[in-house]
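We call the chains A, B and C, going by the order they appear; numbering starts again at 1 in every chain.
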Amino acid sequence: MKELRGKDILSSFDFDRETLEHLFEEAETLRKKLSTTHLKIADSKTMATVFLEPSTRTKMSFQMAMLKLGGSVIDFQPESSSLQKGESDLDTMKIIDGYSPDIIVLRQSKPFFPHSIKEEIAAPIINGGDGTNEHPTQALLDVYTIWRELKRVDGLRLGIMGDLKYGRTAPSLSYMLTFFKDVKIYYIAPKELRLREEVKEKIRNKISFVEVERLEDIEEELDALYVTRLQKERFKDPSEYERLKSSYVVNLEALNKLKRIPIIMHPLPRVWELPQEVDSLPQAKYFEQAKNGMYVRAALIKEILGI
Amino acid sequence: MKELRGKDILSSFDFDRETLEHLFEEAETLRKKLSTTHLKIADSKTMATVFLEPSTRTKMSFQMAMLKLGGSVIDFQPESSSLQKGESDLDTMKIIDGYSPDIIVLRQSKPFFPHSIKEEIAAPIINGGDGTNEHPTQALLDVYTIWRELKRVDGLRLGIMGDLKYGRTAPSLSYMLTFFKDVKIYYIAPKELRLREEVKEKIRNKISFVEVERLEDIEEELDALYVTRLQKERFKDPSEYERLKSSYVVNLEALNKLKRIPIIMHPLPRVWELPQEVDSLPQAKYFEQAKNGMYVRAALIKEILGI
Amino acid sequence: MKELRGKDILSSFDFDRETLEHLFEEAETLRKKLSTTHLKIADSKTMATVFLEPSTRTKMSFQMAMLKLGGSVIDFQPESSSLQKGESDLDTMKIIDGYSPDIIVLRQSKPFFPHSIKEEIAAPIINGGDGTNEHPTQALLDVYTIWRELKRVDGLRLGIMGDLKYGRTAPSLSYMLTFFKDVKIYYIAPKELRLREEVKEKIRNKISFVEVERLEDIEEELDALYVTRLQKERFKDPSEYERLKSSYVVNLEALNKLKRIPIIMHPLPRVWELPQEVDSLPQAKYFEQAKNGMYVRAALIKEILGI
């Protein structure tokens, strides 16, 4: 198992199977306690949340996890800060680091930004999303959700659907699944939004994967379907977007065409691609998935702080 | 007395007279303690504040009350959240609820929004304002202020002045006063900004009320005058606004025309309708009223959390 | 020594030499503890931060100091508040004060605004910047940094460079240095951005100072060089800005022209006037300076709260 105490978490590859399983078990223990009370184990620790791009779930679930562990939270607010005066993000991070937070959760739009500054920052950094590159704790809660719902990850048949080119959840999730055996992923995306070659490079020979254009192209029964948003602004040709849109709506009609309805996941926020009519299906797990995020992040915080 | 533990507070009608008097007594006890120190009674509890419209008083006084009770506060910030990505307010609320806050204070612009989602939310919701409909904890601090200042609520002669059509304080305050005996309200408003019929429906036969157009139309001595803002944008015809404006300024001149100056209340923020020259009158109670908000909200939190 | 318990800190002149030295010693003691843990000495106290203008360092370092002392923090956010509805800053402050915070840190754009309202506010106010007038806790961390780095303040030879007319750090720092012996300041600024006459009035006969136009005009060896931003919008004639700009860049070339490189300070944020190439010099102390801010502000909070 990897020692996480004091470590940065910048990529899904910063974990391994044993570490993940340990975190999931820990998350199970913590959820029993934290759903009704607070612990005091982090009461001498402070987390700084530095979100230079919008966030609901990631920021709030980290903050809530920290508060429920008994710790303190300080939030850096870019809209009312000296970033407005032209300060560089590195300077901002060095300043915050100088105040000795015990952990920094950072979201920044530039891929590999946290990697590029980590040597100058003393506090452990958790990458809360670096542009199109990675979002390792999203993967953590995704895999935790699969593990909870299916009681296993090995042998998983997973569909990942939507914008796989610019989204960071598909890469991070795929990387994390390389730690498990006999995983097969179907990537469902329009041709122009397929997984980037650099991402495929990192998973090739570790998991098997197939790229298809539509959900109905998958002949196997899926264990889980992971839906993501498809943003209009990603298409050069708007008519192409209108043409493809209907193929990427996961509604009851689309699901009923499958042999078996898999559990349905989504990193959220959702817009039109996952209509509310799906919410009442027993397979709809996306709100549970978001909830799982708080518990598995609490487990991660606990390990990094060594408490 | 109503049991408030774990309950939503969406309307003034969620209270009754005995419950209100209990909360006011509790607020008196808490103000002795909380003005100089913190308690630890909420130290395993978290409040989420979700204000989807601007607020100073309501949000800060709830947060401050929670901190002084020893609890934790987490604030959802719409301007840096996934609402920017088109997420629905219901989805946002379900996500936040999934993090197991012990109480959610919600402000949203749509009337009856909290009522429409309450079945899907496990945490108790306090309605911090739902558009033009209600703002029950504003009424709570309003009635608490009257109770403190006059030593009684029964027999009250109250003037409520300003925009009674679109404001939510007049309805919530009126509803709450139905629990008391022999209350008479003078509604002072231009014809186009009178109380909505649906509001009058709910108070008819419970309190007596008279609708007048100007303060000078009231011949009785008032115990209290409750002033609210009159917003220009509410008038179809701007010249109508200019014509009426001067009749809705509660300045020293206007007050001196009354037989007796009543205590003066205002939910704040004020703009031109209540000039600073009134602040030094002993009857000016609006800052005290705002302050009372923190203590009576602390009492409410205590009851809902059952601590 | 001045008693600071319950006192407002509005100006550098609210301190004296003995008080400063006491705070610096206290900051040394606190930094040993707070860099790795939290204390509980402020656990029944709340700080309200009211920043009506953007801030990173001042707000976050005050908040972090308070949290590390065990206290609670409540932040007033102007962008989502009733200021949007036209409320006056005085009304906002009276409301916040009514919630009984133990300390208020206030930044407002109008010079002497905190002085003008202090009689109406019960809580001790720390001036976190009042427009172009003062920023006394910035001076506090500046002088603390000099004291730490040089082991003395008496006999200091200091250069202060940049926009000395509109900046508030130069005045506050200069005022604070009047408490020490044999201090000499070189003010380095273009003619149109020289120190205001009213500022010179307050330091004349207390410290010696010389006004020069360029760094190379100083013939003496400096102990410390304090660099500040030079903003384009301050110049009536943009071509004048372009002409002068290069003389106010403190890069390696400029520093190497000096007989001896002094310690380099900057209140931050920096833009072009202090390029990153300087960061690796042992004399570059600006990040250390920002860090010092948290500890000396913790010491100040401790004194004001009397804990």
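The rule is simple: contacts are C-beta pairs under 8 Å (C-beta built on N, C-alpha and C of every residue); 3 or more make two chains touch, one makes a residue touch a chain.
Predicted model only: the values in this text are computed from it and were never measured.
Engineer: In the touch network of chains, how many steps separate chain A from chain C on the shortest route?
Structural biologist: Graph distance in the chain contact network comes out at 1.
Engineer: At the interface of chain A with chain B, does the proportion of residue numbers present on both copies reach over half, so same, or stay under half, so different?
Structural biologist: different
Engineer: Using Cα averages as centroids, what's the distance between chain A and chain B in whole Å?
Structural biologist: Computed from C-alpha means, the inter-chain centre distance equals 40 Å.
Engineer: On chain A, where are the residues touching two or more other chains?
Structural biologist: Touching at least two other chains: 77, 79.
Engineer: Touching residues of chain B toward chain A in the complex: what are they?
Structural biologist: Within the complex, chain B contacts chain A at residues 43-46, 72, 74, 76, 79-87, 91-92, 94-96, 98-101.
Engineer: Report the residues of chain C in contact with chain A in the complex, numbered from low to high.
Structural biologist: Chain C reaches chain A through residues 34-38, 51, 54-57, 60-61, 63-64, 67-68, 73, 77-79, 229, 268-271, 287-288, 290-291, 294.
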